[in-house]
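The next part holds the structures, each set out as C-alpha cells.
In the two complexes below, subunit A is the common chain; its partner is subunit B in one and subunit C in the other.
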Partner chain A sequence: MDITFKQVDYTYQADSPMATPGLRDVNLHFQSGTYNAIIGQTGSGKSTLLQHLNALLIPTKGEVVVGDQVVTPQTKNKELYDLRRKVGLVFQFPESQLFEETVLKDVAFAPKNFGKTAAEADEIARRALRLVGIAPELEDKMPFDLSGGQMRRVAIAGVLAMEPEVLVLDEPTAGLDPVGREEMMTLFVKIQQERDLTVILVTHQMDDVVRYAQQVVVMEQGRVLKTGQPQEIFADIPWLHQHNLELPSTGRLVQQLQQQGFQFDQVPLTVPDLLAQLAPQLKQVATHE
Partner chain B sequence: MNKLIFGRYYPGDSFVHRLDPRLKLILNILFIVLIFFAQHWPSYVILGAVVVVSVWASGISLGFFLRGLRPMLWLILFTVGLQLFFTSGQHVYWQWGWLSISREGLINAGYIAARFLLIIFMSTLLTLTTQPLEIADGLEYLISPLRVIKFPVNEVALMLSIALRFVPKLMDETTKIMNAQRARGVDFNNGSLLKRAKALLPLLIPLMMSSIDIASDLTTAMISRGYRDGEGRTRYRILKWQSRDSWVLAAFAVISTGMLVLERMM
Partner chain C sequence: MVPIIQVKDLTYTYQNSKVPALQNISLTIEPGQWVAIVGHNGSGKSTLAQMLNGLIAPQSGEVYIDGELLTEESVWAIRRKIGIVFQSPDNQFVGATVADDVAFGMENNGVPRAEMIPRVQAALEQVGMTAYATHEPARLSGGQKQRVALAGVLAQRPQVIILDEATSMLDPQGRHDVVSLMTDLRKTGQFTIISITHDIDEAALADQVILMDNGQLVTAGTPAEIFVQGDMLQQHGLTVPLSEKVRQGLLQADVNVADHYLDEEQLVKNLWTLHSNK
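Showing the complex of A and B:
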C-alpha cells in the first residue's frame, strides 16, 4: 500500500495553553513494497509520525492517505477499523502489551478482533509463532513466564498475525542481544520480501538503515529534514555532524582511512562496497612498495 | 481524560505559585470548613471574591479554568438536581408525582451548587499551582505530629511521593498499551457496557504487570543506594516559610472572621 502525507501538522493538546507541536508540515511518500527507515534524534517526532500511519493519531491539519483510505482531521474513529487491520504497528518494547493466559491466545487475539473464527485465528497464530522462531512447546505457556527476548518475539508474532500490508516497526531491536537483533532484522526482511510488505522502520542503528532501507527520512523537531536513498543521506558527513546524526560503522572506518590517505569517490556504506573500493587501492600500495 | 484540568500542574511563577505548599494546603482545608459555615448569600459573595482574587493572582486565565472544569459540570448538575427535586418544603411551586420543586429545595440547590463550585475552584487552584512533590512535602510536614501516636509518617510520605512521581509515568504507559491494543483491533470506545468492560482487560493486565516490574526494579535500586527506612534521614528539599505566607494567612484570618461575624449578625 502506498502511503502519502500531505502537509500534515499535528499538535498535542491542541487548544490549550499546554499545546506542543508534534509534526510540522510533513510531506512524505512511502511506495508500496519498499523498506523505509526514519531516523532523527529522540523527540524529533518519529513516533508521532508512526502513530499517524494507522490513525492512532489523526492530523490536526493536512491529510494522510493510506492505500485508498484518506485520513483528515474530520475522520471519525469508526471509519478506521479497516485501516488498523492493514497496518501492523510494533511499538517500542512491545512485550508490555502481552496479557492473555497463553502465548497462543495472545497471538490469536488480533486476528480474532479482526473477524477471524477461533480456529482460523489459532491456525494463523501458530504460523506467526513459527515464523518468529517460537517452538510449539511454548504455545501453552503463560507469556509472563518467558524470557525477555521470547516475549518480544511473541509480541511481534501478535502483530504479524494480523497479516498486515504495512509493517511499522518502532525500534524493534532495542534492548535485544546482538544475535537476537540480527535474527529479528533478517526476519523482517524475509517477511517483507515474501509478502511484499511496505516496511517503515524507526531506528537509531545506522548500520541497519544502510543495510536494509531503500528510502531514508531524516526528522528534526517535528519536520522532515531530508528524504533520499541511504547513499544520498550519508554522503554529506559535515551535514550529518551538524544535525547530530551518527554515521554507520563503515562510514566511521572510511573517515579514518581517509585520514590515512585513502581515496573514496563515494562513501561506501556496506562492507562489500567498502572492500570493493579498498581492494584496488591496497594493491596499488603493495606494488609501490 | 485529557480535558479535565483537576489534579494537573500548570507551570508558572506567579504569586500563588511561590507560596509555601503547607500554607496552600492549610488554606484549602480552612476554606472548605469555612464554606460550610456560610448560610447566607453575602458570605458566598465574600468567598467568591476570595476565589476570583486567588485565580487572578495565579496568572491563570479564568477561561482556561472554566473550560477545564466543564467535565465536572454533570456531577454538579446531578447533585443540584437531586436537591432540587427531592427536598420537601412549605412553599411548593411545582409538583409531579413525588418530584416537587419547593422554595427550600431551590435555596438548598443554589447553596449546593455554590459550595461545589467554590470547593472545586479552590482545590483545582491548589494542584494547578503546586508541584506534586511540593504537595507531598507539605503533607508530610502537616501530618508529622501524628508520629506521637506511632503513625508511620515517613513511610506514608515516601509512598505518597513515589505514587505522585509515577502518576505521569503510568499515564504514559497506559496510553502506550492502549495504542498497542488499539492497533491490534481493540475498540475501547464502542459497544455495550459488557463489551467495553471486556476491552479493558488487555489494558489492565499489562498495566498491573508493568507496575509490578517497576516496583521491583525501584526497590532494588533504592536498596542498592543505601535506603533502609525513613528514620534518621536528612532532607534535600526544605520548605521555607516566607513573610508573604504569613501575610496571606493573616489576610485569610481577617476575611474569615469578618465572614463569621457577618453570619452571626444575620
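Showing the complex of A and C:
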C-alpha cells in the first residue's frame, strides 16, 4: 500500500498558548512493498510521523494518503476504521501491551474486535503465531510465563493478526541481545516477503538501516532533512556528524583509517565492504617469499 | 587485600522453574576493578547481580562483600556498600523532584538532613544533573533518568556500583553519556564497577570480562583474552567488537595483521604499518 505525505504540518496543542510544532512541511512517499527506515535524534519528530501512518494523529495542515484513504484535518474518526486495520503499529517494548489470559486469546483479540467470529479469529491468530515462530504448545500458556523474546513475538503476532498491509516498527529490537536482535530483524524480512508488506522501521541501529532499508528518511526538528538510499545517506560522514546522527558501526573505524591516510572509493558501510576495500591496500602474508 | 566481592559455589533455582538460574558460580573481584558480566538474555547475569546485594538469597553457596558473609543480619549493612542501577529508566523513581529522588536512599538509612543536602548536591554535580535538581524525574530523557538513578546510588557512597543493563534501553546519546560517566567514576579509583551487559563495546572498557551462559560461568579474562575467541562468543549469543571482526576478516584474506586483539586505535596503527611497508 502506497503512503504519501503532502505538505503535512502537525502542531501539538494547536490553537493554545502551549502550541508546539511536531511536524513541519513534511513531503514523503513510501512505495508499496518497500522497506523504509526513519532515522533522527530523539525528539526529531519520528514518533509524531509514525502516529500519522495509522491516523492516531491527523495532520493540522496538509494531507496523508494511505492507499486510497485521504486523511486531512477535516477527517472524522469513524472514517478511519479501515485504515487503522490496514496499518499495524509495533511500539517499543510491545510485550508490555499483552493482557489476555492465554497467548492465543491475546493474539485473537484484534481480529475478534474487527468483527471475525471466534473460530475465524483463532484461525487467524494461529497463522500469525506460526509466522513469528511460536509453537502450538505455547498457545494456552499465560503470556507472562513466556521469556522476554517469546513475549515480544506474541505481541508482534497480535499486530499481524489484524492482517495489515503496512507494518510500522518503532525500535523493535530495543533491549534484545545480539542474537535476539538478529532473529527479530530476520523475522521482519520473512514477514514482509510472505505477506508482501510495506515496512516502515524507526531505529537508532544504523547497521540495520544499511542492511535492510531501500529508502532512508532523515528527520530533524520535525522536518525531513534528507531522503535517499543508505549509500547516499551514510557516505557523507561530516554531514552525519553535523546533524548528530549515528554512523553505521564501521563508520568510526573508517574515519580513523581515512585520517591515517587510507583511501576508499566509496565509504564502506558494512564489514564485508570494508574488508574488500582494505585488504588490497595491505601487505599480505604471501608477499614475504 | 580483601577481595571486595567473593562468591563461592552459588546455586539458585527460581520457583516454578526446573532449570537452575545459577549453577555453582564462584568468582572473586578485587576492589577498584571494572568487571563486565556478559551473556545473552536469560543467561543468569541479573540473577547474579541481585544475589550480590541480597535481593535474592542463595539456596546454596556464599556471598562475601568486603570480607563479610551476606546473611539476613548483615544484608542491611551490605546494601549500603552496594548500589544498583537497573535496566528500565522508568521503574526506579520515587521522589517528586530529582533532588528528592537522590535523597531517598539516604533518608531510608537515617542520614541527618544537614548532611544529606550537600551529598545530594555533590552527587548531582558528579553526574552533571545539577540544573535539573527541581525537575520532575518523569519528564527527563532516558539517559538523564539513568544519570539521576546513578546519582542516587553515588549519594550513598557505596564501594560497589552495579549497572544492570543500565544502558540497554537508551538512545545512542543517552548510552554515550552513561558510559562516559562510568569511565569518569573509574578514574576516581573509589569504586568497584560491575556492568552487566550484552553490549560488547561497553564490555571492552572493563578490566575483566566474565562470560555467563545457562546460569554457569563459561570463562573469565581480560577483554583481549576473551575477544579473540570470536567463535565461542558467538556460540554463547554474543558478538565480538568491530575491530576484532575486521582483524579476523583480514587474517582470512591473508593479510599479515597482528595475531592478538587490538582496539580500534591500535588496529588503525597496525594496518598503517602494513600499508606503508607494502
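The rule is simple: the second predicted complex is superposed on the first by the 280 of 289 C-alpha atoms of A that agree within 3 Å, B and C clash if a C-alpha of one lies under 4 Å from a C-alpha of the other, contacts with A are read in each partner's own complex, and residues count from 1 in each chain.
Definition applied: contacts are C-beta pairs under 8 Å (C-beta built on N, C-alpha and C of every residue); 3 or more make two chains touch, one makes a residue touch a chain.
Worth saying up front: this structure is predicted, and the values here are computed from it rather than measured.
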item	value
Dominant toucher of subunit A (residue count), subunit B or subunit C	C
First, second, both or neither for A:Asn77, with subunit B first and subunit C second	first
Which of subunit B and subunit C A:Phe188 touches, first, second, both or neither	neither
Touched partner set for A:Phe5, first subunit B, second subunit C, both or neither	neither
Partner chain in contact with A:Asn113 - subunit B first, subunit C second, else both or neither	first
Which superposed partner A:Phe91 touches (first subunit B, second subunit C, both, neither)	first
Partner chain(s) touched by A:Val159 [first = subunit B, second = subunit C, both, neither]	first
Subunit B versus subunit C as contact partner of A:Gly180, first or second or both or neither	second
Set intersection of subunit A contacts, subunit C complex versus subunit B complex	none
Of subunit B, residues touching subunit A in the complex	2, 10, 61, 64, 173, 176-177, 179-187, 189-190, 201-202, 205-206, 209-210
Complex contacts: residues of subunit A adjacent to subunit B	13, 16-18, 51, 54, 56, 77-78, 81, 84-85, 87-89, 91, 94, 96-99, 109-110, 113-114, 144, 158-159, 162
Subunit C-touching residues of subunit A, taken from the complex the two chains share	41-42, 147-149, 174-180, 204, 244, 246, 249-250, 252-253, 256-257, 260-262, 271-272, 274-275, 278-279, 281-288
Of subunit C, residues touching subunit A in the complex	40-42, 87, 141-142, 165, 168-169, 171-174, 198, 200, 237-239, 242-243, 245-246, 249-250, 253-257, 264-265, 267-269, 271-272, 274-275, 277-278
